[in-house]
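Both of the next two complexes hold chain A, though its partner changes from chain B to chain C.
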Partner chain A sequence: MSTTTPAASAAPAGSTPDPSRSSATTQPARRRRRGKVGRERINWPVTVLLLVGALAVLVPLFVTVNMSLKTTEQAVDGNAFGLPDPLTFSSFVEAWNLTNFPRGFAISIFITTIAVIGEIVISALAAYAIVRNWDHRLFRWSFFYLLAAMFIPFPVVALPQIQLTGMLGLDNPLGVAILHIAFALAFNTLLFTAFLRTIPLELEESMRMDGAGTWQVFWKLILPLLGPMCATVGIFAFIASWNDFMMPSLIISDPTLQTIPVLQNMFQTQFSNSYNVAFASYLMAMAPAIIVYLFAQRWVMSGLTQGAIK
Partner chain B sequence: MSSSNGPRGPLTRRTLLAGAGGALSAAALAACGSASGSSQLTLYQSKPEAIPYFGQLAADFSASQERFSVQHDIATNLSASFVRNSPPDLGCLNYNLEMGRFMERGALSDLSDLPEAAMIREDVADLADWYPTYEGRTSVLPYSVTAASVIYNRRLFEEHGLEVPTTWEELLTVCETLQAADVIPIYGTFLDPWTIAQGLFDYTVGGMVDVRSFYQQMDEIGEDVGPDSEVSFQSTLLEPVQRMMELVPYFNSDAPSRAYGDGNTAMAQERAAMYFQGPWAFGEIEKAGSDLDLGTFPLPMTDDPADLKVRVNIDLSLWIPEAANEQEGARELLQYLMRPEVQDPYNAEFLAFGTTKDAPAVTDDRIAEMQQYYDEGRFYMGASQFIPNSIPAQNYIQSIAGGADAEQTLARLDADWARLAFRE
Partner chain C sequence: MSTTTPSRTTDTDGAGRPRSPIVHHKRRIDPLYYLFLFPSLALFSLAVTLPAVLGFGYSFTNSIGFGDWEFIGVRNYIAMFRDQGILGSYTFTLGFSLITVILVNVIAFALALGLTSRIRFTAVLRTIYVIPMVISGIVIAFVFQYLFANTVPGIGQSIGSDALSTSILADPDWAWLSIVIVTAWQSIPGTMLIYIAGLVTIPGEVYEAGSIDGATGWQSIRHITLPLVSGFIVINTILGFKNYLNAYDIIVGLTDGGPGVATRSVAMSIFRGFEGGDYAYQMANAMVFFLISIALALLQLRITRGRTVI
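On to the complex of A and B.
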């Protein structure tokens, strides 16, 4: 509601100094046009759009929570919106046991942590090296080489990757995390290089005058300055690695080291529906993403627009 | 992040590389350690409703002897494990065209020397040979067979004075009577394409056409399949599909917008008299309502009751990959699973039929009516099961049920078949 703020701020400003009193006569007219605080004209089309948007998120979320609290018998009665009666938490217990939740959860966190930190650090390092050595042909071409990888999606090279990781003994969560870092390298480096070009070289030169080496410049100056872009990359890395299904399902060979999304796959089959257990499990898997979002909302918002501008 | 690593200069780079190398080799060593150290045995089984059951069996087997401990695998991607050359030691899952590919390429070891292979009924063991085979090998031992036919509500049939139909005419009369009494004769869930293919399509085709010889000929003709070939979808299957369309008016009018789950709920609430589903639906129907009196009968497609047959599929089969690390243990586990006291309770609990010569008859009232057909070998495997996944056959069948021209759609199926045969 940005249209109302000038009118609201104009009112106290107008009351203090003398010359503005002359304009006081025009203020009621202006106020009528722009509306009073708390009585602004509502922008109905936008409100409706936002409401629809909010419902599109809230309704499925409501059904998820609702279903997860139902008994199996009630979950299949065809009324997704009917309130749970009796209320039961047994689905959570069942989902917890069926997927061996704590272990799967720990594996997912392990992969996500390595992927997020690795993607930020390695891409930032690569981007820094490339931008500061743009004159060297080797670095320039390595940038194009990295960018070319953007056009190779994982499914295309899935089979050779399975064989390679198998040979190297990386058919485990660590291998998945490394592959996440490798496959995101192209896009992340692109983001970082674009952002790095806007950081003036003089800053760095002054630091070098004081005797800082390349590593110190990077860790103490460049990486902190890259903060907003790190948030962007980190968010993308978190979402991509936390929700990923295909890569862990193909790469990880030991079933006891599988991630949550893959383990949850057993709830979706052709022949059976166990909505209550499935939704309870989905809720538990969604929890960290929601909690992270609640705390990191500010950075998520700024991070997303960062990415949009490039 | 920034301060701790800072001041050490070039040393850090070396440490970093050394650390990375160390981590890599540690990971590699760890992987080796877990693979070679113990006599661990992987049992791959992924039928979700049977996971706890097999988990228990795996634990029992591990406890019964000391040489092998069984790891129950439900999450690994099977194709990936074959690519990686680390397949499970023993597979226990549904056998279909996709699994048949592994068989065809000789990835599964020969089990014909096991005494258990001889225990299996010949016509049941033969079911695995409907799919591509590998010369001279018996690699797939059917563990349980599910038989599917028309599920019907006995109470509703009795209420309207109806008998189980044994001919096509009787079937139509039953439908007419029910419809006249404002009962939905057959419940359809056309939103899920597989339910049409599995039920309506497979039952009608299987009731009129010899599925096995049809596909044998189709495979032989291959890229020449078309309107003029000896057999083809558009000529051989046209009649059953037309009959299938005659049944569609007896389905619930909202069938196109109903999914599998809705169908189970509707049957549990006694909203319809018949339902074209397999025994897997019973468990789901039970979730939504008990105290039902349900039974099964094969869909009559001709005027001769002797033509009645039920649709079967290999619900679970046992196989051991050539590349399995622990062949010996896998064979031992296989023999354990094939013991009558282990195999028979599984089949009883999951409403499946036993595969061995001396398997007991099923006792569950809901599927007991299919026993005689199974015993007499009067069964077929679903026609929709033999069309490779790269042809969207289920969607074609769905569009026919939705009103598309049957002849044209079947002709397109022929064209797809020929194109695929040409490519391979």
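On to the complex of A and C.
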């Protein structure tokens, strides 16, 4: 199933800037890939190497699960690979209560949701305005202005930003969500403008002939057409926001409003001997993103690849 | 909605657009477009430009983050270049970035080659290899911290290896290696996906032509594959450097800059501006960091542009 996914996803991604060239190159590539299985021999040495290499990914994850199922007495022995004996789920309960998981989860979801929706809508609006008015100086310059952010990483503006958010009363999850949107603007606007340039004007014009205004054209035509790009931007936004540690740890001043990744810090400082509880908590922090990925992996892979190529 | 005002703007747009290449200066722009652009510009100005300008201004003062301050000229900048702590953080960050970029690209490219060749279990292997990408950097760093601090020394003792018997995290000379390993673990998947996207665009005929001319496996990689994916190497190098220069989350989770200051990144030293009254001083550091980031990005573009022409 997903054997062909990257090939299929690479085709539309590569084709947007230059449709004639890529359709010529991807077609044989895809044919070749399909033909392989039947015609050619399976490369077993490479298969085995890759299977062994996959252990590098799986071992840390196995250790996380393994440790989380142990008792505190067993977990302190430092043997990460010894199987749980007896097997217990009590560490999950303890981690749930210690970190106040539901609250952290709700805050992480809050930030991630605002960031995902905000990044898609705000960048798409700007990209649409910029592409349709490229001949106008203000819009052209705005594009380059927004693009400049690619070169300004958060650490450069962190100290003044912490003061600003404090003064504006945004030293909370909402402020973090807004900053997530702002620092992703450059990349997202670039993605959307690249894609919008390939959408023919005719579609839009016929809709305007029927009396639709700019507002309706955007919501009923442009945003749906941007669907695949919205998925890409949304996936990037989800992964980045859900997993971020830097911004929430610096911006959110109230410790009771911290996100799931930042909460994990407590196992380094306060509860450093309850390894089983710590690992149960790490697992609960990782799980949402892994589950989303496993269910949506086709879109994740094509989305991430598309984003990278643009 | 489309009764009075929007319909008027629609008319001018509909009539103006086909002629726009000729009379583009006179075309009336739907005010809605300004409204579309506004959120992005406002957000960007408040979240990035304003703090950047403030930071630049503060870097010439002796501010400690609150209260009175006065201008002290470039004294912060001069002091910075004599500060062993800050110079050390630059050496660490640049060295770490360079090593990680090379390691990540080599492994990711090899994995991409493997995963696009004639192997079994392609779907499962791809799924596994992408997982690290969706896991929070700080959380996986905590997992590895346990492995480096407890499990690896345990294994080292049982096989009688002195080098492995002590925690790498406590070794000032080698702690950086743990950060390279975990950073690579997390960022190889993204890099790999970009290479896979590049590899599937290479038509099979090229390899067939190569093998007819007697190219062996290694020769076809060296003379066919590498030149054809050079654009993707450029993307991966630039994206990689951009991320690694801002390294923070994983270092916090593994060593927290230690032992001593051996693994303190530039981002970490900037964030310390709120402790110990170094506010304006670290602002100067941030400005220098910003200039170095831009210089490196431009340098890479310069070098790689030359290479793609060849």
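Here is the rule we use: the second predicted complex is superposed on the first by the 258 of 310 C-alpha atoms of A that agree within 3 Å, B and C clash if a C-alpha of one lies under 4 Å from a C-alpha of the other, contacts with A are read in each partner's own complex, and residues count from 1 in each chain.
In this section, a residue touches a chain if its C-beta (ideal position, glycine included) is under 8 Å from a C-beta of that chain, and two chains touch if they have at least 3 such contacts.
Since the structure is predicted, the reported quantities are computational estimates derived from the model, not experimental observations.
When both complexes are superposed on chain A, chain B and chain C end up clashing with one another.
In the superposed model, A:Phe245 lies in contact with chain C only, and not with chain B. Shared-chain residue A:Glu205: touches chain C; no touch with chain B.
In the superposition on chain A, contact of A:Gly213 is made with both chain B and chain C. Contact comparison for chain A: of chain B and chain C, C touches the greater number of residues.
With both structures placed on the common chain, the touch criterion links A:Val52 to neither chain B nor chain C.
Contacts of A:Leu263 after superposition on the shared chain: chain B is touched, whereas chain C is not. Touch criterion not met for A:Leu87: it reaches neither chain B nor chain C.
When both complexes are overlaid on chain A, the residue A:Ser142 reaches chain C alone and has no touch with chain B.
When the two structures are aligned on the shared chain, A:Ser253 is found in touch with chain B, with no touch to chain C. After superposition on chain A, the chain B segment that clashes with chain C is 254-262; the remaining candidates among 236-244, 254-262 or 272-280 show no clashing C-alpha atoms.
Of the residues of chain A, those at positions 78, 158-159, 162-163, 213, 215-216, 250, 262, 265, 267 touch chain B in one of the two structures and chain C in the other.
Only residues 1-2, 6-7, 9-10, 13-14, 17, 20, 24-25, 27, 29-30, 32-34, 36-37, 39-41, 43-44, 46-48, 50-52, 54-55, 58, 65, 111, 114-115, 117-123, 125-140, 142-144, 146-147, 150-151, 154, 185, 190, 193-194, 196-197, 200-205, 235, 239, 242, 245-246, 248-249, 252, 266-267, 270-271, 273-274, 279, 282-283, 286-287, 289-290, 293-294, 297 of chain C touch chain A when the two sit together in their complex. Interface of chain A with chain B (complex): residues 72-73, 75-78, 98, 158-159, 162-163, 165-166, 168-172, 174-175, 213, 215-216, 219-220, 223-224, 249-256, 258, 262-263, 265-267, 269-273. Against chain C, in their complex, chain A makes its touches with residues 1-3, 6-7, 9-10, 13-14, 22, 25-26, 28-33, 36-37, 40-44, 46-47, 49-51, 53-54, 56-58, 60-61, 63-64, 67, 78-81, 122-123, 125-126, 128-130, 132-133, 135-136, 138-139, 142, 145-146, 149, 151-164, 178-179, 181-183, 185, 189, 201, 205, 208-209, 211-216, 218, 239, 242-246, 250, 260-262, 264-265, 267-268, 275, 278-279, 282, 285-286, 289-290, 292-294, 297, 300-301, 304-305, 308-309. Taken in their complex, chain B has these residues touching chain A: 1-3, 5-10, 12-13, 23-24, 27-32, 34, 42, 46, 48-49, 51, 71-77, 80-81, 83-86, 194, 260-262, 264-265, 268, 280-281, 283-284, 287-289.
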